[in-house]
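All chains are identified by letter, namely A, B and C, in their written order; residue positions are counted from 1 within each chain.
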Amino acid sequence: MSTSSATGAGMAWQNNQNRLQFLFEYTTVSYVGTHNKKIGLLYRIFQLTIMGYLIGWVFLKNKGYQVKDDTIESSVVTKVKGVARVNTIDSNLWGPEDYVFPNQGENFLSILTNFIETKEQTLGNCSENPDVANNDCSKNEECTAGEAVRAGNGIKTGVCLIPNGTCEIYGWCPTERQREPDPANIVREAENFTLYIRNFIRFSRFNFSASNVPKENRKLLFKRCTYDETLHPYCPIFRLGDIVNKTGHKFEELALKGVSIGVLIEWLCDLDKDTECRPHYSFVCLDKVSFDFRFARYSTDAAGKRQRTFYKAFGIHLDIMVCGVARRFNIIPTIVNIASALTLMAAGSYFCDIMLLYTMKKRSVYTESKLDRVTTNDKEIPVQIMPEGLKRKFSL
Amino acid sequence: MSTSSATGAGMAWQNNQNRLQFLFEYTTVSYVGTHNKKIGLLYRIFQLTIMGYLIGWVFLKNKGYQVKDDTIESSVVTKVKGVARVNTIDSNLWGPEDYVFPNQGENFLSILTNFIETKEQTLGNCSENPDVANNDCSKNEECTAGEAVRAGNGIKTGVCLIPNGTCEIYGWCPTERQREPDPANIVREAENFTLYIRNFIRFSRFNFSASNVPKENRKLLFKRCTYDETLHPYCPIFRLGDIVNKTGHKFEELALKGVSIGVLIEWLCDLDKDTECRPHYSFVCLDKVSFDFRFARYSTDAAGKRQRTFYKAFGIHLDIMVCGVARRFNIIPTIVNIASALTLMAAGSYFCDIMLLYTMKKRSVYTESKLDRVTTNDKEIPVQIMPEGLKRKFSL
Amino acid sequence: MSTSSATGAGMAWQNNQNRLQFLFEYTTVSYVGTHNKKIGLLYRIFQLTIMGYLIGWVFLKNKGYQVKDDTIESSVVTKVKGVARVNTIDSNLWGPEDYVFPNQGENFLSILTNFIETKEQTLGNCSENPDVANNDCSKNEECTAGEAVRAGNGIKTGVCLIPNGTCEIYGWCPTERQREPDPANIVREAENFTLYIRNFIRFSRFNFSASNVPKENRKLLFKRCTYDETLHPYCPIFRLGDIVNKTGHKFEELALKGVSIGVLIEWLCDLDKDTECRPHYSFVCLDKVSFDFRFARYSTDAAGKRQRTFYKAFGIHLDIMVCGVARRFNIIPTIVNIASALTLMAAGSYFCDIMLLYTMKKRSVYTESKLDRVTTNDKEIPVQIMPEGLKRKFSL
């Protein structure tokens, strides 16, 4: 927008100024305003879309103005209560000290609901459980003495028990025989056992901690309430039958062969809003297959010989899984998200420019208005340095 | 800035160029420079603020040039040492094999510090512990035979024990009577027990792992050091009394009824700086209420009748909670943060433009300089296409 | 680009317009086009670099268009199978119920591979294990009666055993003497024990869950497959010897003193691609030092005196550590990353402008074309308000 002769004037103008003047020089882009309805409307719609995205989706829906800490630290203490009549060789009554494994109140526990009892096992030779694989034989040579049966109950003696067609083993005999648990054995009272869960959580990023047991009337709670999704959503005492039902199954069905259930405690803490935040409980069946484990009770018989009672125990294995997110306002994501939206608007403007310059009927007018071409091809002679745009202005 | 007649010239100019010329065409926005001190200063201050925010807050304080991995994988092994004189029916000396539950060195453990012992329980009928709720009665009809007492110790026999006003139960009798633990029973030596913690961590995102036990002089450490916040901050051997004191409580106070204590191991690893990173230990009381659990020791008396000793054990439950963040330089967050700051500057420039155009005394001058209005309303006749801005220029 | 007299015209022009016209006014920046090959090429290269970074690094390599959930919730159930001949006082055969601690199938477990057995301990006075530190003495006064030996096995009786030079203790006597485990005692069959791992995971953010045990032919799997990195990478049954070998050690070497091994299950789930995702197993030695713990088996001898067999058990401690990340497309990071790249391009353009205006031979031409200086210094008299740029235009 100037000829070369003006250049010297510009330089002089600069030299006239105080050296610190640059601090107050404000350089900004120059604008061109048009009244093209189509482009104008398009750009307004685009601006509204971006604003809607920023406010609605990023800020309101996704809380893009907050940072989150999703590495929750959690400590869980549990206690089970209830008694049940059972029919084992040792006892006809089980308390928590008998049916909860482990019984130190950890964040995982198994509550026995069924069992297969193999009584009076002693060490000796006998036939292997026919269910065990890779133990078939037709003659002694197929049973390598001293080799353990894979996933079996003993060590091969080198003898093939012809009538069974299995290798003889040395182990606790007789081996466990029963394959399937007996529905008659189910510990039915387990449905009414209660589980008390104490959960302490902490978000180290925000130095915020909370507990699922409200401090007020804690004493009263202990004896009275039972968790109920609608009536007592914050009561930390759960009926085992309720837990099972909430996974969508019937108690008898799962108690028979055992199951692994996840008790999910979810903490969603918006630290900008709440002074305290509350847990949300949910229950999920972790697997459709059974949950069982084996243990033995050793004793010495009258003759001084060691014997044992062997249990395959089926139970409801509870895994208390705590997850959660705490969120608090933070300037960095806020600025990143706003800046991204502003950039998008600028990009939209760039797109509208392209529309304006290349697709509109009067595009040549816009092109001339918006775009000032400067040609300074080094091969050109000095007088040609005068910019095209300027030339055209005076070519009227 | 052109009339319609110039359009053809522009097109011709374009056609004269090599088709590949566009590669070397550099289109950039045009600027307007002003010497308005207020706006200039305002914009400089704004620029400095953004720079300060970017460098000071985003980069130095929040390490915005790094990505972090806060999903630490951790494995903890513990070992407790120490002996204590106790007074139980079975023994008068406890070692770790007796007072630590579980004793396989897991990342959670309970150290017994007090207990209520109920001796010589046998299965039979007796009155329920009066503390148990929902067990009051005034006549036999109120006690349904075969029903378990909720959170109780046995199954109702159907008899109401009038003098007590409670239903008779079948269970291990006599039931636990003592309500409160006895301060005289506290395992005082527990204060001097030592806890050795071995912690291995891994940040899978960076394939980085570390251990809290320094490799050098590991042997020497074992027998000598004790953790001290200032003297030995990296010693992995902790005195139980010190752990309790650091939570802000006295040992006797918490040992009486037990407590759940979190041992927090925090790893903050700046992988750009350190070749190795060190843990920081802290101790927090997870809850104000007691920690207890029950277990039984079964035996057979001289007459062959099964009996048991029942323990309500109070203890210091330690939960070793490991958290941590590893950070390493990454180009993506660096660029996102720089770009956001640049966008903010551009937005600040836009804001200054608005100030310039609408609030300054000489605003009309700026408006004319910055803004070139182009009107191409389709209803206008071609000669009116000459832009308003250009018209005004020649209306001098 | 205007004189002060034009201002009124501009205002009038505004007033002539419909009030809603502003909706259709589209204001955009004005451009200057140049044909400087150096700058043009520089800018094209810069644009290509940014595009390459955005598409290659941010989107393809780092999946910058997805959000991730790296707070995996996991539940693990394990079961060990196998028998081994051992030589203890109680038994000559061990099953999982004997060598796995704890045996309820948790996500951590210790498999005994060696042990030091101290038989027939009874409570009484004896000399302390000389390995225990801080127990040396030369006279009785140095042994405070009633004080527990730090990290020791008993309580000082106040007597100094001169020949040993150690304080006498009251405890389970004789104390454990053997320092180092005996290679002859290694449970060699442990190499062939099998570990079955059932892992259920959940990403709560995406409400996605998966299991490591494929539902199809689950029954068949149980008896047949063994995990192999190449042949059966998804088989959930592991041979203990294979696990140890994959950590880069020999079984005998680690079985002697025990070790802590991490079984890492990694889940990388791209929820945009897969309907299901599969685990990846790896094995890492968590520490070079030994893993051991102690336990005791109590009994009553013929004379009714309580005695115990004390075990220092060395074992392979397995910690099943589950980690994982799920990713799914999300508009917010996509936009943030695109916007950052666009901003960088704009910043690159700004940098090219500076090159153009200050380093090119013909810079003065560019300066005049791009930059229109407006001076409205308040001290200037009104006629000087005419912008310098405009002045220069008419100074031709």
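The rule is simple: contacts are C-beta pairs under 8 Å (C-beta built on N, C-alpha and C of every residue); 3 or more make two chains touch, one makes a residue touch a chain.
Chain labels with UniProt names: A, B, C = P2X purinoceptor.
Given the structure is predicted, the values throughout are model-derived calculations rather than measurements.
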item: Rotation angle (°) superposing Cα atoms of chain A on chain C, nearest 5; value: 120
item: Shared interface numbering between chain B and chain A [over half = same, under half = different]; value: different
item: Distance from chain B to chain A - Cα centre to Cα centre, in angstrom; value: 14
item: Interface hub residues of chain C, defined as touching at least two other chains; value: 1, 27, 29-36, 71, 102, 336, 339-340, 343, 346, 369-373, 389
item: Parts of chain A lying in touch with chain C, wherever the complex brings them together; value: 1-7, 9-11, 13, 27, 29-37, 39-41, 43-44, 53, 57-58, 62, 64, 70-72, 101-102, 108, 110, 123, 133-134, 148-155, 170-172, 260, 262, 264, 266, 284, 286-287, 289, 291, 293-296, 298, 306, 310, 317, 319, 321, 323, 336-337, 339-341, 343-344, 346-347, 349, 352-353, 356, 369-378, 385, 387, 389
item: Chain B contact footprint on chain A (complex, rising order); value: 17, 21, 23-36, 71, 73-75, 77, 79, 81-85, 90-93, 95-98, 102-106, 189, 192, 194, 198, 200, 202, 204, 209, 211, 213, 218, 223-224, 331-332, 335-336, 338-340, 342-343, 346, 360-362, 364-369, 371-373, 388-389, 392-393, 395-396
